Structures are given as structure tokens and as C-alpha cells.
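Several structures are given next for inspection.
What follows is chain A paired twice: with chain B in the first complex and chain C in the second.
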Partner chain A sequence: MPVFKTPFNGYSVKFSPFYEHRLAVATSQNFGILGNGRLHVLDLSPSPSPQPISQLTSFDTADGVYDLAWSESHDSLLVAAVADGSVKLYDLALPPTSNPIRSLHEHSREVQSADYNPVRRDSFLTSSWDDTVKLWTTDRPASVRTFKEHAYCVYSAVWNPRHADVFASASGDCTLRVWDVREPGSTMIIAAHESEILSCDWNKYDDCSIATASVDKSIKVWDVRNFRVPVSVLNGHGYAVRKVKFSPHRRSLMVSCSYDMTVCLWDYMVEDALVGRYDHHTEFAVGVDMSVLVEGLLASTGWDELVYVWQHGTDPRAP
Partner chain B sequence: MRVDVYHQLHQDSIQKNDKNLCVFCVLGRSRRRRRKRRERAFSCRFAEDSSMDSQPQPSGNTPPPKPWERAGGSTGPAPFKPPSGGSTTDVVEASGTAKPGEIVSTSDRNTAVNRNALSRPVPTRPWEQNYGTANSYGGYNSTMNYGSGYGSGTYGSGTYGSGTYGSYGGVGGGLYGGGLYGSNMYRGGYGGLQGSSGLYGGGMYNSGFGGPMGGYGMGMGGPYGDQDPNNPYGAPPSPPGFWISVLRVMQGVVNFFGRISILIDQNTQAFHLFMTALLQLFERSGLLYGELARFVLRILGVRTKPKKVRPPGPDGLPLPGPNNQNYIEGPKAAAPTGSWDNVWGNGAPN
Partner chain C sequence: MATQSQAPPSDENPPKPGLTQAATENHTQAATENQQDVQADAPKQSSPTSVFVNSEPMREEQVQNAVKFLSHPKVRGSPVVYRRSFLEKKGLTKEEIDEAFRRVPDPPPTVQTGGGNQADGLKTSQGMQTQSPVQPLQPAAAAPTNAISPVAPRYRFHWSHAVLAVGLLAASGAGTAVIIKNAIIPRLKSWIRKVVSEEENDSVKKTDSQPSLAEEAAAAAKAAAAAAADVAKASQEMMNSKNEEKRYFGELMNMLNVQVQEMKSMSNSIQKLEGETNALRRNSLIDQDDHQFNVINSKRPYANGKADYDSRSVRSASPPAAAEPSVAPHPKSYMEIMAMVQRGEKPPNVREINDSPPNPNQQLSNPRLAPRAKPWEVGQAQNYSSQVTQSQASSEGVYSNVQDNGINYSSNGDSSVPWWQRRNPRITEIENEDEFKSGSYSTQTTEVPVRRAWVPPQPPPVQMAEAAEAIRRPKPSVQKESSDDDQLEASSAGVTDELQRVTKVSESGGAVEINGGSSGLSSSEIQEAKDEIYG
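Right, the complex of A and B next:
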């Protein structure tokens, strides 16, 4: 299956919600510690060809790109979370010289995640190491609101896929918080792990179910109506779990990637929850995504500077 | 940015976008809303003329339906307030919680910590660790951003004439010299900070100064080389732990280069002269001590044999650094391919 080599270390990969053959990759030089960044937009060729993945375009940044989000309202719009604290908007329809179309400087430290509202489609969230989450709309040159309650870096902020006003944030202060943009403070505080929480994601088929991934190597699934105990605890990763994502197609299926360099698939409703493990990366696997438009299509990236796209059940390294 | 800049953005977006749509104006996906939007000629604040003839695209701004939208709802009543109508901006403003463009300062953040419901201790932030001397280096702390801080603060300002890339050269030379890119990144990788020519200094970005500066990085990785801070197979692996260790090493690099940066900020030529003088001093003293040692040994009746000529480094250039004793103790003529002058970089002009 297709492999793409990026010049910098991969940090995040996401499929386009508009085109099944398109995905974007956020990369940072020197493992994101120091140096430049680049945002790649890649196209998969529909039929077998010598070059299964081709680059549509790429954008350079002066600092590492940690995350990206495809716009849900416009097929060519991309949001990039940049390590210098800026949030940049790119329009693929414009030449690289006209990009970024906007650079928003409000976060005082590295921006770790970006997520576009899939319900109302006019806003997006960014979370940062300055402990805040910011809400932005595409028609405003400044953030609409800032959510500051976390006591440590916020590694991830994700919209609820069914409620336009609800989102969750995962932080290094070991809490998961659920927010409503109409409320002044968080509506729920879940002390989900004993270690830092690096990622969270909502179940697309159950708006009360949310998964958290932590440095303690575990993934936990929570029900926000009763968050005293987790619904499920998934162990199997050898090191910190960097990202977790619910399947857009199956209710109980999840994918995760970890510093143990593997990408794992989980079904949290069955006894043997670990249903797949891929060890194709030779460095930390830090970005993973599941295609919304093609069931079973996975993409992953890592510090080995490779982007893999493969169908679940096949070997990502197979030519 | 000024309003006219936004207006220009709006115009550009419409003109250059083959879908004839300003990306700033896109609001929703429902037909009703689209019609409504057309009626009010967009809420795009960048549109100077309200009769802007942007036409929404039939497919360009609505992704295919999500698989879960076709499925049923949740397993029970959700503890969320029912959704509000209107755009996100309207909803937030109606709730009275909007605070446009708020920038959170450090003091604000501390308040946030105080009203935190949980009293769990949080790890120290990598960039807030106090290493005793940290505050004396403006180039590092004043920018509060070690990423671009090197570019804009300490080494930038056009000193190397090549903008961003040149500016990374100096630091990169020290930090990445050998170690990080060595064969084993995880175990003792940072020991590689001791000497060796820098990755970027080696001409990757044509930063002539990178090489020698990398050479002067020797010893800084020393205290940390043994601790193996970046070993994810040991104690609980966590990104902050990793960052802390990285920054700890970088602090050492910055401590050193921060001093030299005073000269850089002043004058490139001054820096060049400083480094040249330093090198010459080492060379002369090296010669001196070499002669002295030989003299003493000769007095003691020990015959010194001429040392084996060490092979040249990559690209035929002499290797800088402490391992290459040939240059310190031997005469200049013994250098395989040249004198110290060439150490300034791979063919970079002096």
C-alpha cells in the first residue's frame, strides 16, 4: 500500500472529509524540537500506479506543525496548529505564495491540536501548551472565546460529533474536561488517568461516550453520564499512547498510536479488545486517522518521516 | 490587520478561488442557510460591497454526509443542553461568554490553576524550570520560545544573511552535532553534543559558522550524556519528560551560545574576528605546548616519535574537535589537507 516519505518528522495525518483520495500531513523538523515545519497535501492515485501517493501541494512554516484540521465547510481550507503558537489557515485553491490566508497569533505557546466543528461547520478549536483552548470562527480575525481552566498543557480538544456546542479537552493535568461553549466554565471534570492525558475522542455513534489515551499506556472509555469508573480500560500499548480515534463507521472500533511505535485497533466492547496491531513504523507513531469516506482505510505517520495509507487487514508495508 | 487588508483577502479569495467563493464567507451547509446567506449577501466582514456576487458552490462547501449521521442517536438521554440555532459566533455571544481575542498571560494562568477543582500536582513545565542561570540569557527566556527564539532573538536579525535557515545553523551546529542523528538516538544520544561538526553547520543551509560553533559545543552534553535522558525504555516515558531532557541539554547549549550572541548582535565581523582570534590562540598555544613538551621530554632524554598522521575527515577536510590531537600537538605542516583556516566550513569563504 502507499507510502510517502516526508522530509521532516511526521506529527499528524488527517483524511479530507470531502475527497476520499486526499489527506494532509503535518510535519516538523528535528522531531519538532527546533526548526521548520511543513504541511503536505497528498493525493492517492485511484488505480495501481508506480506512484501511489503524490503530493498535491505543500506549505512551509517557520516552526514545526503539530496538527492540522480539514475544514468541514470548504473543501480546500486547512487549519494548521504551529509550534510557534500561531494558527494558520491555508487555501489549497490559492498558489503557495498567497498562503497562508490567515495567521492567528493568540496562543502564547505551542499549539498542539486543531479540530473543526463537524456539526455547525463554521468554527474550530485549538488547544495549546499555554493551558488554554481557543474557539475560532472563519469569519473572525480573532478568537471568539478562550477556555482556561486546565492547569497544564492541553494536548487535545475535540468537538462532540453530534452536539455543535459541546467539546472535550485532554490535558497534562490528568483531567478530561467537557465543555459547552455557552457555559462560562467546564461542565464536567473527569480525573481520567493518573498520568498525563495526551488524546481524547468522542464515539461517533454514542454522544455520551468518550475515549482517553494517556502516558500510563492505557486507553479508557468513559460514559459522561457516569464517569466515576471507566466503561472499559484497554491495555496493550508498551508506552504512552499518543492518539486515539473512534471509527467513523463502527460503533465500538477505535484506532490508537503510541510511542511504542505501533498502531493498534481496538473493539472496546469485546473481551479481547485488541483486534489489530501494526508495527510498520520504526520510530514513534504519533499520527493516525481513519477515513470517513472509505471504511477501513487507515493512515498513520511518525517520527520515521513516513506516511502509510493502508486498508485494515492488509500489511501497510506491502508494495 | 486593517480592514482594507481583509477586504483584499476577500477579493483575492474570490478571484483566485476557482469556485468563485470567498472562504471567509462560508457559513453553513443547509440550503436554507445558504439562501439566507445569499440574501444577506454574506456576513463576511471583509466584503466592502454588500452586493458582492459570490455564489455558493453546490458541492464545494458541503462534505459528504458522515456515516454516523445516518445512524441512530445515543444510548440514552445526553447530559447536554439542547443545541442552539445560529452560527457559533452568535451562540457564544448570546450566552454572554464571548471574549474575542483574549490573550492569556502567565498571571491569568496561575489564577486558573487556583480555581482548579483538582489539587493534583502537575509536572513542572519544561520551559519554566529554573536552572540557576537561566534568567541571564535574554535570547532564550525573553522570547519564551526556544523554537523560533533562536531565529528571531539570538541568532537572527540577518546576521548570517540567509534569514531563518542561516539562523538555525549556529544552534543546530551545537545541538545536533553527531549525537541526535547518530546511529543510536535513544541511548546516550546526547553525549554526541561533545564536539563534532554540526549538522547544519556542515553546509546544509550554507551557514559557514555552523561548523566551528558545533565544535565549540564540546563538553556541554557531558553531564547529561550518562543519564541518558531520552531513553523511553526506562522510567515512565512521557513527552514532558522528553521535553525536559531535551531542553535541559538545550539550556547548556544556549548558556554557551548566549554569551557569544552578544557579539553576534553587535557585529558579524566582530564575531568572525573573535572566533578567528580564538582559533589562532588555540593553534599558537597548541604549538607552544607541543614544543614545550618536546623540549622537556628531550631534556629528560626521551625521544619523541613523530605522530601518525590521522586520516582526514569527511570531504577531505580536517576534523575539528578534541579528538584530532594532531592539530594541537603537531606542526601545521603535518595537517593532511590544509590548515585551520579551512575549518570555518566546507568551502565557505573566510
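Right, the complex of A and C next:
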């Protein structure tokens, strides 16, 4: 299984929705405290012999890159969430000297996450430590809308996979909010945890289920129709859970990564929910993704400056 | 619509009010579809995103608790956003919070004004001119009163109450004193008389009766005196206990305040020591005045359970440290860099990079691939139809691909299978089954046969086509209902042809602006039908 060493500490990894063999990694120097950033685009080669993972291109940024999002409409377009508050767009089809093609600077603090709309395919969200979520389209130089209701950093904003105008945001004010871009404010407030919520994701096959990952080491699955009590509480991580992602192929499968350096797979419909555990990282595991095009393909990155890509069921560190 | 649908049957069949709709199949189907659509229309228009909106009624108890919380003087001093955040964390909905905010500006007048008056009275008149009998108590209680003035209203009420009670007790004490005086004198006199009469023991019976009378009087007086003494004692004890309670309460409040201060200082020192404040690095670069709260200037995405923002929230009693989730140990170099940044040094390996766009108006390149349908969108017929039409172009049939690959692999086929796609073929098949089954969640189950095999969709989904027709063109669809089956089939074929045309157009165009939020490849009509039916 291939490993890619990044010069900086990994922050986020995402598979391309267009090419099965392509993924991008967001990295930041000095653990993201103070330093430059780099966005890598990696390709998996069909045969493992010369080099299983190779870098297609990379882009340097003045500040750390905390997250990225692949465009759903353009196979070569990338959105980068940068720690200096800017949102940068990169086009891989253009020569590197023409990149970035846009730098949108509206957030007043670090941009923590970026997510592209999988239904409309023309807009994306960014969430920031300035307590806001902003909606953008690729053709406009300014944000379309700003959603300001959270009382603390918004760590994650994720579109609903079926409803084009609905999204959820997870914040350090311990609430999960569900929004509809057609409404002026949030439509639902779920007091999901007693500690900060670092990540959330919608169930791709049940558009009313959301999973939240929190500093309290647990992952909770919520049904928005009955949001007072979680559907399921998944314990097992030793430290804060940094990211959670639902499988694009299985209804109740999700993957999570945590500061306990492990990547875990969960099936929340099953009694013994933990179905897989990978402890290949030697530092905080900060980013994880499941490929939409290849079932069972996982990628993870962490502060140990390594990017792993492996199939579920195999050992990520196997050669 | 209903009247129109009834008109034609009246020509053909004798009009039966109840059974008109059941008369002819075609017309009933259309009529019921219309009615269903109308009914579906009505709720849709009233609550288009019904699932993602909180539909609970307002809980009065929660609102009242929130009002009490918001009326608290300490809460009134905090920023509004933190008050709202606290209530949200308690699980209140937006409506409940708004209602509580609405109610708070007019609090119960007695508490506030009474408290205000008392506060002014006691604060300004240090000489305690209010109640004279309670003068000795006032100076002692003045200090705790002033210290606990934030809790003034209820306390003052209590205080005046106590003052009144003490006054009453004093009055009764005075009264009992008078009674005692009156009782002692006759007692003394009777006692003297008794002694005297004992000395004159051998005298007249009158002397016996008098001492008896005197004795009775003395006994009664004694009893009265004893009772009065008891009463006085009890009242004294009550006063003492009340004073003690007041003292305890004052001490308690002091201790609580001290504890709160200690906790605040503890959390302060913890932050400084652990140095986990990531935003301290940011403060060195960006302005530090983003947030008003003085305790913590930092934002902590990697807080790992340090619920330190509690100290800036309205909850004064932060959760104890033991209950907080443990903090993940950070790498040593991380701590080194944090220390460096806190000292104001820049780590050595940071370069100056210009990452601004060379041409801010750079045109996006044209997309080379059309967007693919997501695996969870397989359940929609339009996508499937477009998938199949496009399968050659972009190798979209992931399942078929993977299945083929899996089968190849199992049969030890060629190594053209990318290593990241090798999987158990058995799982593939089962999963494909699952996907298709789970995909048929939609209420239009007639779509399933259409999805499974690429059959020209002409025959089966008759109702669906009519629904689509009805939604798109209500009147023409009604007119079409009056025609016979052939026309319907033709129209349904026409609908599906349109569907194919629309999907093809959307494919080639890329981002076609289709209203009503759908996956980029589907037609709007079917999408609207689906949205209406299941919200």
C-alpha cells in the first residue's frame, strides 16, 4: 500500500469525484501554527512497481491550507481553505504559473473547511473561525451569502447529499445547525454534544441522518426528525475525534479519524459498531476520506506528514 | 379540475356523486392523481422543507426557565450572543429562545422595583434609619448585605421580612416583659402572703382561702410567666437562628464567589501553562481585539475537551476539571513551536510566498469530463437512464466495472486491475443488490423495473407519466385524460422522449440551470413530482 510523504503536516485529504486514481492533500507547515502551506495533487499509478503514488502537481501558499474541496462540475478545479482567511481556487488544467485563478478574501479568520455542493454542482461552502459560513459560486468574486449564527468557530459545513439547498454546520459552540439557503437563518439547532463539535457529515443514503464528531471522543448519529436523542452514540476513540465521513456506498458505514492516531470504521446499525481500526499514523490523524468512485478505498493523512491510501480490509502499511 | 373531470363522465355514465370518480378507470386515475397532487401541493407550499425544520410546539416550561435565566442580573451583563448560545446548548429551539427574549424586558415588577428601593435605602442610609428595634442587627448584617447586593431583590425581601418578624418578636417580648412584671408582683405578693399566712397558720379559714386564692393566682401567674418566658426564649432562638442563617448565607455567597474566582484563575493558568492556545500565534499576526471577553483571547480548534470557553459563557460554575475529556498529548516539536511563537519568534523554515492569483480574472478551463452520478443517486430513474447513455463515454457504470474487475481478479486474470480496485467479487454482487434495493426507496415503486433493465420505458410507468404530465400541464393533461389509451401511451412516450432530450441537453451543456434544485442530470418535472410526494 502506498505512502506519500509530504513536507508539511497533513490536514485534509479528498478523493477526486472525477478520477478514481486522483486525490488531493492539504498540508500546513509547523502543524498549522505558523508557516506556509502546500496543496498536493497525487495520482495513484495502476501498477505498484515504480511508484504507487506520485505527485501530479503542488501549489504553495503563504499560510497553511486547512481543507480542500474538489469541484463537482469541473474535473480540474480545486478549492483550498487557507489559514489566512482566504479561499483560493486552483485549476489543474492551466499551467502552474496561472494558478491560483482566484483568491477570495472575505473571512476574517482561518477558514477551516470547504465543501462543494454535490447536487447543484455550482456552489460551495466555507466555514471559518470567525463564526460564519459563507456560500460561494465559482463565477462570482464575492460570496453569495454569509450565515452568521454560531457563537464560536465553525469547524465544518457539509451539504446534504440529496437536497440541494440544505446543509449542516458543526461548531465549537457545541451545536449542530441545519440550514436551508432559501431561509434567512438556521432551521434547526441541535445541541449535540457538551464539548466542541469538530466535524459532521450527512448519511448519503438517509438524507435525515447526520453524524457529529466531538472533542468528547464520541461520534453521535442524529435523525433530524427526532433530534432530541441521538440515534446512536459511538465510543471507542481515545481522544477527540477530528473528522467523520459517511460511506458513499454503504448505508450505515462511516469512517472517522482522531487525535488518538487511529482511523476507525463504524457501522452504527450494528450492536458492536466498531468494524475496523487502523493505527498506521504516528501522530494525530487529521484527515480521512472514502472514495466515491472506488468502493472501499480509504485515504488518510496526519501530522506525521504521511498520506496513506488503502483498501478497507488491507493493512495500510503493507508494501 | 374535479368539475372538469366529472363533466365527461356525466355524458357517458349516469352521474353518481359518490362514484363518479370510480366510474371510469382512466378518469379516476387522473382525478385521484390530480387530487393527490393538489393535496401534495398544499403541504408542500406550506412547509417545503418539512423534515429539516423543527416542528415541535414551544415548551412553556423551557421558556420559563429561560426567562428566569435571562432575568438573572449576572446574565444581563453578558453579551447577547452568549446568552443565546447557552440556551441553545440547553436544547431550546429558536422560537423558544426568541419568546424568552421577548418576555424578559418586562419582568415581575415587585421583585425588581422592591429590590431597587431596598437597595437604595440600605445602601445610602448607612446609619440604618429604617427600623429602630433592629438597629443592633443592622450593622452586623450591613456588610454581608452590601457584599451580596447582586442578589439583592430576593435578599432584601427576605431582609425586610426578617426585620418585621424581629419587630413583632420584640413587641411580643416587651409585652411578655410587661406580663411578667404583672405576674411577678402578684407572685411575690402571694408568696409573701403565703409566708405570712403560714406564720399565722392557726388563724381563720379566710386566711386559708386567701392563700389558696393567692396560691392559685400565683400558680397561674407562674404558669403564665413560664409560658411567656418560653415564648420569649423561643422567639429569641428564632431570631438567633435567623441571624445565623443570614450569616451562613453571606458566608456561602462569599465562598462561592471566591471559588468562582479561583476557578477562573485556574483556567487562566492552565491555558498559559499548557500553551495550547493556537490563536495566540494568530494574535501575533492579526488583530487581537476580535473578541471582547478578557479571559481567553484564543480560539482552540484542538481544544481536546478543554471547555474553557465556559468561563466566558454565562454559566458561572464551570464543569470541574475531572469531568473534562482528557487532552491528547501533542508532539514535542509542536510544543516547541508553540513556545517559539509565544515568545514572538518566527520559526526558521517559513518562507515569504506570494500566493495571490497572477490573473484574478482568469477564465476557468473547460471541463473535460461530465459530472458523474453519485452511488446514492442511482435510485433515481433519470440518472440511471443518463448513466446508461453515457456509460461508454465516462466509464460510469462503476459497479459493472468493479464487478468485472473483481471477477477477473478472482479468476486470476490479467494484472490490468489497478491495485486499489481489487475487491472480493462476492461482496460486489451482494452490494449491488443492496444498492438497487435501497435505491428503490421512492414511493414510485413502478420505477424499479425501469431501473433494473434498460427497457424503453413506454409501457410500465403509465401513472408516473401522467403525474409528470399533470404537474407540468394540468389543463392539457386533463384534456388528455378524456382521450383513450393510445393517446396516453403516445403522450407518455413523448414525455420520456422529452426526458431523454432534457437529460442529453444537460449532459452536453454541463451546468444547465434547471429550477427546483435537482441533480444536474435529471429533469425538473420528475424531480418536482418526487419532491412533492415525499417532501
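Just so it is clear, the second predicted complex is superposed on the first by the 319 of 319 C-alpha atoms of A that agree within 3 Å, B and C clash if a C-alpha of one lies under 4 Å from a C-alpha of the other, contacts with A are read in each partner's own complex, and residues count from 1 in each chain.
We adopt the following convention: contacts are C-beta pairs under 8 Å (C-beta built on N, C-alpha and C of every residue); 3 or more make two chains touch, one makes a residue touch a chain.
Predicted, not measured: the structure shown is a model, and the values here were computed from it.
Chain B and chain C, once both complexes are superposed via chain A, clash. When both complexes are overlaid on chain A, the residue A:211 reaches neither chain B nor chain C.
After overlaying the two complexes on the shared chain, residue contacts for A:135 are found with chain B alone; chain C is out of touch. Once the two complexes are overlaid on the shared chain, A:88 sits against chain C while remaining clear of chain B.
In the superposition on chain A, A:123 makes contact with chain B only, while chain C stays out of contact range. After overlaying the two complexes on the shared chain, residue contacts for A:61 are found with chain C alone; chain B is out of touch.
Once chain A of one complex is fitted onto chain A of the other, the partner contacts of A:184 are limited to chain B, with no touch recorded for chain C. In the superposition on chain A, A:144 contacts chain B only, with no contact to chain C. Residue contacts after overlaying the shared chain place A:164 against chain B and chain C alike.
Within the superposed three-chain model, A:108 lies in touch with chain B and with chain C [touch as defined at top]. Comparing the two interfaces of chain A, the one with chain B and the one with chain C have residues 17-18, 30, 33-36, 62, 72-77, 91, 93-94, 98, 101-102, 108-110, 118-122, 129-130, 138, 141, 151-153, 160-166, 172-175, 180, 182-183, 187-189, 191, 195-196, 198, 204-205, 207-208, 215-216, 224-225, 239-240, 248-249, 259, 292-293, 295 in common. Chain contact summary for the complex, chain C toward chain A: residues 48-49, 51-54, 81-82, 84-85, 88-91, 93-94, 278-279, 281-282, 284-286, 290, 299-305, 307, 309, 325-328, 331, 333-334, 337-338, 341, 346-347, 349-360, 362, 364-365, 367-369, 371-372, 374-377, 398, 402, 415-416, 418-423, 428, 431, 434-435, 438, 510-511, 517-520. Of all residues in chain A, those touching chain B in their complex are 17-18, 30, 33-36, 62-64, 71-77, 83-85, 89, 91, 93-95, 98, 101-102, 106, 108-110, 117-123, 129-132, 135, 137-146, 148-153, 160-166, 172-175, 180-184, 187-189, 191, 195-196, 198, 204-209, 215-216, 224-225, 239-240, 248-249, 259, 292-293, 295.
Considering their complex, residues 1, 6, 9, 12-13, 16-19, 21, 23-29, 43-45, 60-64, 66-68, 71-81, 83-84, 87-89, 91-95, 97-105, 108-109, 112-113, 115-118, 120, 122-123, 125, 127, 144-148, 150-151, 164, 168, 171-172, 175-176, 180, 232, 236-240, 246, 250 of chain B touch chain A. Taken in their complex, chain A has these residues touching chain C: 17-18, 20-21, 29-36, 44, 46-48, 52, 59-62, 72-77, 82, 88, 91, 93-94, 97-103, 108-110, 112, 118-122, 129-130, 138, 141, 151-153, 155, 160-166, 172-175, 178, 180, 182-183, 185-189, 191, 194-196, 198, 204-205, 207-208, 215-217, 224-225, 227-228, 238-240, 248-251, 259-260, 283-284, 292-297, 303, 309, 311.
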